[in-house]
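One chain, chain A, appears in both complexes that follow, with chain B as partner in the first and chain C in the second.
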Partner chain A sequence: MEKMLNLARRMRTRPDLRWNLLPLAMALLISPVLRAQDWFKTETSTGAGTIRMAAANFKPQSPDPQSAALKRTFDAVLYADLANAGLFDMVSKSLLPTSTPGSPSEIQLPQWSGAPTSAAMVAFGSLGTQGDHLIVNGFLFDAKNTQFPQILAKQYNEQASDDQARQIAHRFADEIILRLGGGVSGIAETKIYYVHLAGGAKEIWEMDYDGANQHPVTHLGTTSISPRVSPDNSRLAFSSLDRSGFQIKMYSLLLGRMVTFPSSGGTNLSPAWSPNGHDLAFSSSRSGDPEIWIADASGGAARRITNRKGPDVSPVFNPRTGAQLAWASGGTNGIPQIFIMDSDGSNITRMTDGGYATSPSWSPNGQFLTFAWNRKYGPGAPGGQDIYIMEVATRKWIQLTHDNGRCDYPSWSPDGRHIVYASSPNGRMDGMKIWSMLADGTQQRPLSATGSDMPNWSWK
Partner chain B sequence: MSTRPANPHPAGIWTRHRSATTPALGVDLTLAVLLHAAVVAALFGVALLHPHGKTWGDQNPVAGSIQASMVSAIPLPPKPVVEDKVLASDSPSPAPITAHEKTIPPPTPRDIPILAKPTKPLKPTVDHPPTPTPPKHAELKPPPPTKAATGETSGMRLAQSTAQLKNGTASITVQDRNFGARFAYYVDQVNRRVSSEWLTQTADPRASLGKRATILFDIDRDGVPSNIRVETRSGSPTLDISALRAVQRVDHFGPLPQGDHITVEFSFDYVQQ
Partner chain C sequence: MPQLHVRLHHVAATLAVLASLTLATGCHKKTVAPPPGSMGPTIETTGPAPTATLTAEPLAIELGQSVALNWRTTNATSVTIDGLGPVVPNGTQMVAPANSTNFHLVAKNDNGTTEANVRVTVRVAAPPAPMGDNSGATGNAAADAIFHQNVQDAFFDYDSYELRPDAQTAAAAAAAYLNQHPEIRVLVAGYSDERGSAEYNLALGENRANAARTALISAGVTANRIRIVSYGKEKQFCTESSESCWQQNRRAQFSIDR
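Now for the complex of A and B:
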C-alpha cells in the first residue's frame, strides 16, 4: 500500500496532445530543470519506512533426513514469502545470530535487536516430523518490545511432504503479513492461472504465486486463452476454440471438470468476473461487431453493454465497487485505447490519449488501472510495449517496465501490491514468460519458463 | 323525407268532414238553443220559488251541524300497540343458567415420562501425535502509574510510537495504555499506515510551521476506524484537514489483537523540511 501511494504521488502529468507544440515540448523535456518539474515527487512516506525483519532458520526437532529436507524447503519459502511481500527489509541470512531458537524460552532478544542484525521483528520456531506428520511451531516476536515481545504463535500439523512444508510456510507468512501489513492480507496462498503453450495446443495451467507447483488444469487439446478465475476460486472462465469458433468455456475447480456454458455465434473472448461472482462480462461478435456483453455466471440473460464502431474487447470490472468496467476499444481507426464506463454502458470515458493500449486490469482498491501500452505506435516508431499504471481519477500514469521486451497482460494481485504480467524478450509469442513485480515496478522476477502467457491472479 | 305528410296543411280533412255534416246543421242548432233556454228558465224558476228565510250558519238551534265522515277505505298505517305489561309482571322470569368453565388441572410431574438419554456411541480413540505444549503468554502487568510516587509533579506522557517524516512528525497514543504496551506492534503499524497516508504538501507550509494538530478516532475490533474528529485544532486549517484526511484514507488497520475497540490519539507536527 505504501508503495502504491508513493506511485500515486510520482504520477506523471498527462502529456498534452497538441501536436503542433510537439517540437517545443520535446525541447523542454530535454532540459533537465524543466523535466524535474514534469514529475510530482513528494517523499512523505519515505520516513515511515519498512520493517526490518529477521526470518530465523527453524530449529529441527527430529534428526531424520526427511525433516531436514522439509526444513530446507520451509526456511527458503518463508524467507522468500516475506521478502516478496514488499513490506519488509529482510535481514540477510548471513547476518543472523548463530543460535536457532525453537521456542520463546530459548530466544535471546538482545542478540536479534542489536547490531548487526538490528531486527525489529523476528520470525522463528521449530519444525519436526512425528510419524508421517509434519509439525511446525512458528512465532513472531517484536524485538524492540522487551516486556511483551510476542505477537504471534502458530502451530501447524500436516502430512509430511514437500508441498505441505511449502504450504505451511505460505500460511505462516500470510499470518505475519496480516499482522504487520496494515490490514491487508498476504498473497502467499494465492494462485496464478495462465496459458501454457505445449505442442500445438494451448492449455490453462495453474501455479502458486511464486511460480512453484506448475500443473495443467484443462486437457482440451485445442487453443484455450484468457483464463479468469471466479472471486470465490470455484470456477475458471476462459475462451476456447471449438468448431463454432472461440466460445466462452467454464471449468469447475471444485468438481475438476468442465461445466456447461451456452455457446453462441461469433467470436467470444476475454471473460471477466464481477466482484460478487454473479456476472460475467465478455466480448462477443454475435451481433456483428465485437461488443461487450454481460451475462450471469451460468451464461443466461446475456445483454449487450456497448454499441460502438470497432472492436470492444478485454472488459474488467472495478473490483472495489463492481459498478464500472474498463475495456479496450478499437474506435474508428482500429487502434485500441483504454476506456471506462459504468456497468450499464453509460458514462464512457477515454483514459489513454494515444498509442496502442490493451489488456486493462483494475487494482483491488479501485484506484488504479494497469495495462499494456505502446505509446509510440506506428510504422517505424521507436516504441515498445510496456506495462503502465494509471490513476483512474486523475489519469496520471507511470511506466513500470523498461527495456524488458514486449510486455503484455498485466494482472493485479489481491493485495494490490503486486502485478503479474507476461513478457517476451524477443517479442515473439513463443518466448513469453510470466513475470511478477511490485506495483511500483521493482523486484521484477520471472515465475515460469517460456511458452507461458496471459496470467490471471486469483482473488484470494 | 318519407315520414313527413305530403300535404302540410290538414285543411282538406276538415273540409270533407264539414261537408258531410252540413245538411243537419239547422235542426241541431235550433234544438240546442231551445235546450239552453229551458235550462235558464228552470234556474230562474227555482231561484224564484226557493224560500229565502233561512241561511246556513245563523242562530238556529236545530239545524247547523256539519258532518264530516272519514272514508274508511283508505289504508292508514296501523297504530303501534304499546305493550306495557313488562314491568308490571308479577312473576319474573328465571335468570339464565350459566355453566362454569372447568379448568383442567395442571399435569403432575409424574404424568410426563422422562426419556432416558440416548447413550452416545463411543468414538474409537485415534492415536494423535502428542501436541507440544502451547507457548505461555506473558502475563499482563498493570501499566505504571502516570503520577510520580512522591511530590506533586505528574508523570510525563510520552507518545507510544513516533514516526519521523520528511516535513513532519506523526505520533500516536492509545488511550488504553495497557493495550499500547502489550500490543506495541499494532500501535506501530497503525502509525506507519496513517503517516504514509499523510500528504504533508496539502498543508500550507507557512501557516502550519511548528503547529500541531491532534486527531482522535476509534478502531473497532475489525480494524475499521470510526468517529474521526479533530481533538485539538492547530490554528492552521489546512494542517487540520490534511491530518483528518490521512486517517480517513485508511479503510482498515487489520483486526484488533484484543478487545472490542481502542481509542487512538494521533498528533501531527509540521516542521520545516
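Now for the complex of A and C:
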C-alpha cells in the first residue's frame, strides 16, 4: 500500500512521466546507491521508511541430519519471503552477530541494534524435530526497544518435511509482514495459477508465490487457458477447447476434479470472478459478436453487458467495489484498447490512447490498472509489448518492464505490492516464463521454467 | 524460432563443424585440403553454386511425434535451416514440431545460393466424429480433397475481420460449392497470427469466422449448415515470424463438418 501511495504521488507530481522517468531509469542502471537514495526520499516523503530487518539463522534444537536440512530450507525461505515483501532493508547474513539466539532469554539486543548489523527488527527462534514432528518457535523483536522488545511470538508444530519447513517459514513471514506492513496481509502463503505448455497440450498448473511446488492441476489433454481462481480459493475457472470450441470450465480445488459448468454456443473466453465470488464475467459470442457477459458462479442467469462490434474480451472486476469492470475492446477495425465500465454496462470510458493494449488486471485497492501495452503497435512497426500501470482516476501511466521481451498477462498480488506476468524473449509461447516484480517495476525475477503463460495470483 | 522441441542427434557433428569452419575461413585465399575424414566438399575459388537437398522422414506425424530431418549439400560455405540456425553441411536432426511446418534450408557460397524445402504435416488428433453418409476414413479424405479443390480459405488484413475483395471471392466460391452440395455441412474456423494477446486473438478469430459465415448466409447457404469455431493463435499453420507466415495464419478456414 505504501508503495502504491508513493507511485501515485510520483505520477501526480511529474507532469510528463515519459521524460521524467528516463533519468530515473538511467540512475537505477548506473548506481545502486542512487537507487537506494531514491527509495529513501520517496519513502520518507510519505512518512514511512523501509525497515532494516535482521533474519537470524534459527537455533537447531535437535542434532539429527534431518532437522539440519529442514533448518536450511526454513532459514532460506524466511529470508527470501522477507526480502520479497518489498518492505524491508534486509541485513546481509554476513553482517549478523555470530550468536544464534533460540529464545527471548538468549538474545542480546545491543549486538543486533549496533553496527554493523544496525537492525531495527530481529526475527529469530529455534527449530527442531520431535519424532516425525517439526517444531518451530519464532519471535520478532524490536531491537531499539530494550524494555518491551517482543512484537510477536509464534509456535508451529507440523509433520517434519521439507515442504512443511517451507510452509512454516511462509506463515511466520506473513505474521511479521502483517504487523509491520501497515496491516496488509503478506503473500507468502498465496498461490499462482498459470498455463503450462507440454507436448502440444496446455494444462492449468499451480505454484507457490515464489515459484516453488510447480505442479499440474488439470489433465485434460487439450488447450486450456486463462485460469482464474475464485476469491475463496475453492474453484478455478478457465477456458478450454472442446469440439464445439472454447468453453468456460470449472475445476473444484476442494474436490480435486472438474465440476459442471454449462456449455453455450460460440466462443467463451477469459472468465473473471467478482470479489464476492457470486458472479463470473467472461467473453462470449453466444449471441453472435464476442461481448462481455456476466453469469452467476454456476453459469446461470447469463446476461450480456456490452453491445459493441468487434472483439470484447478479458474482463476483470474492480476488486475493491465489484461495481466496475475493465476489459479489452477492439471495435470494428481497431486495435484493442483498455476500457472501463460499470457492471451494468453503463459509463464506458476509454483508458488507453492508442497502441495495442490488452490483458487488464485491477489493483486490490481499486486505484490502479495494470495491463500489457505495445504503444508503437502497427503493421510492420517495431516496438515491444510491456507491462504498464495506470492510475484509474487520472489515466496517468508508468511503464514497468523494459527490454525484457514480449510481456503479457499481468496479475496483481492480493497485497497490491506485487505483479506477476509472463514474458518471452522471442515472443513465443515456448519461450514464455512467469516473472514477478514489485508494483513499481523493481525486483523483477523469473519464477517458472519456460513454456509457462497467463499467470493469475490468488486472492489470498 | 518455430515452435520446435529440438533434440540433437550428433551425427558426426563435431568433425563436420570443424571441417566447415576451416573451409569457410580459408576459401578466399587458396584451396585448403579438407581434413581427413571430412564430410565436406572441396571448395574452389570459382566454381559451381551449392547443391542442396532436404528430406523429412516421415512427412506426416501425429502431434508429439518426431521427424528426422536429413540434409545433404555440396560446395556450400554456409548452411542454415530456418528455426534451427546454422547447421553442418550434411546432417540429420530430430525435430518435434507442434504444428505443420515448412522447413527451409539455405546453402550459400560465393557463387550463389540454393534453397531446399520440405513440409512436415502435424496431424492434431480430432475427437472421433459421428459417422454420417461419408463412412470410412478413405471416403472422408477423398471428400475433403475434392472440397478443398473447390473451396479456398478467406484471408484477412492485420487485426481486421472485414472480408477483403479476395476473401469475398473465396467466400462466394465456397457458397457456390455448398449450394451445389446441400448434403455438406461446413465448419468455419477463425485464426489469427502469433502477435498480440492469446485471449484477444481468440475473440478476433471468432469475428473472422463470423464474417465468413455471414457471407455464406448472404449467398444462400442456410445458417444451420454452418458451424463456426475460433482457434485464435492456438493452432498456427505457419510458425515463422514473417509477414508471409502471419498472412497464412490470419484466415477463416472452410472444412467439411462431420
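We adopt the following convention: the second predicted complex is superposed on the first by the 423 of 460 C-alpha atoms of A that agree within 3 Å, B and C clash if a C-alpha of one lies under 4 Å from a C-alpha of the other, contacts with A are read in each partner's own complex, and residues count from 1 in each chain.
We take it that contacts are C-beta pairs under 8 Å (C-beta built on N, C-alpha and C of every residue); 3 or more make two chains touch, one makes a residue touch a chain.
Only a predicted model underlies this, so the values are computations on that prediction, with no experimental measurement involved.
J.: Looking at chain A, does chain B or chain C touch a larger number of its residues?
T.: C
J.: Determine, under the contact definition given at the top, whether A:Val91 touches first (chain B), second (chain C), both, or neither.
T.: Neither chain B nor chain C is touched by A:Val91.
J.: Let me test your reading of the model: by the given contact rule, A:Ile389 touches which partner, first (chain B), second (chain C), both or neither?
T.: Neither chain B nor chain C is touched by A:Ile389.
J.: Is A:Gly182 touching the first partner chain B, the second partner chain C, both, or neither of them?
T.: So A:Gly182 only meets chain B here.
J.: Which of the two partners, first being chain B and second being chain C, lies in contact with A:Ile135: first, second, both, or neither?
T.: The answer is first: A:Ile135 touches chain B but not chain C.
J.: Would you check which partner chain A:Gly199 touches, where first means chain B only, second means chain C only, and both and neither mean what they say?
T.: A:Gly199 contacts chain C only, not chain B.
J.: Quick one: classify A:Met53 as touching chain B (first), chain C (second), both or neither.
T.: Touch partners of A:Met53: none, neither chain B nor chain C.
J.: Quick check on the superposed pair: does A:Ser244 touch chain B, chain C, both, or neither? Answer first, second, both or neither.
T.: A:Ser244 contacts chain C only, not chain B.
J.: Intersection of chain A residues contacting chain B with those contacting chain C?
T.: After superposing on chain A, no chain A residue contacts both chain B and chain C.
J.: Which chain A residues qualify as touching chain C in the complex?
T.: For chain A paired with chain C, touching residues are 199-200, 202, 223, 225-226, 241-246, 266-267, 269-270, 283, 285, 288-290, 310-314, 328, 330, 332-336, 356, 358-359, 372, 377, 379-380, 385, 408-409, 426-431, 453-454.
J.: Would you pull the chain B residues touching chain A in the complex into a rising list?
T.: For this pair, the touching residues of chain B are 129-132, 134-138, 141, 163-168, 170, 181-186, 189, 191-193, 195-201, 223, 250-255, 257.
J.: Which of the residues in chain A end up touching chain B in this complex?
T.: Spelled out, the residues of chain A in touch with chain B are 1-2, 5, 9, 42-48, 103-104, 121, 130-131, 133, 135, 137, 139, 142, 144-145, 147-151, 153, 155, 157, 178-184, 365.
J.: Help me check something: in the complex, which residues belonging to chain C touch chain A?
T.: 1, 3, 5, 63-64, 98, 124, 127, 158-162, 194-200, 202-207, 210, 228-231, 234, 241, 243
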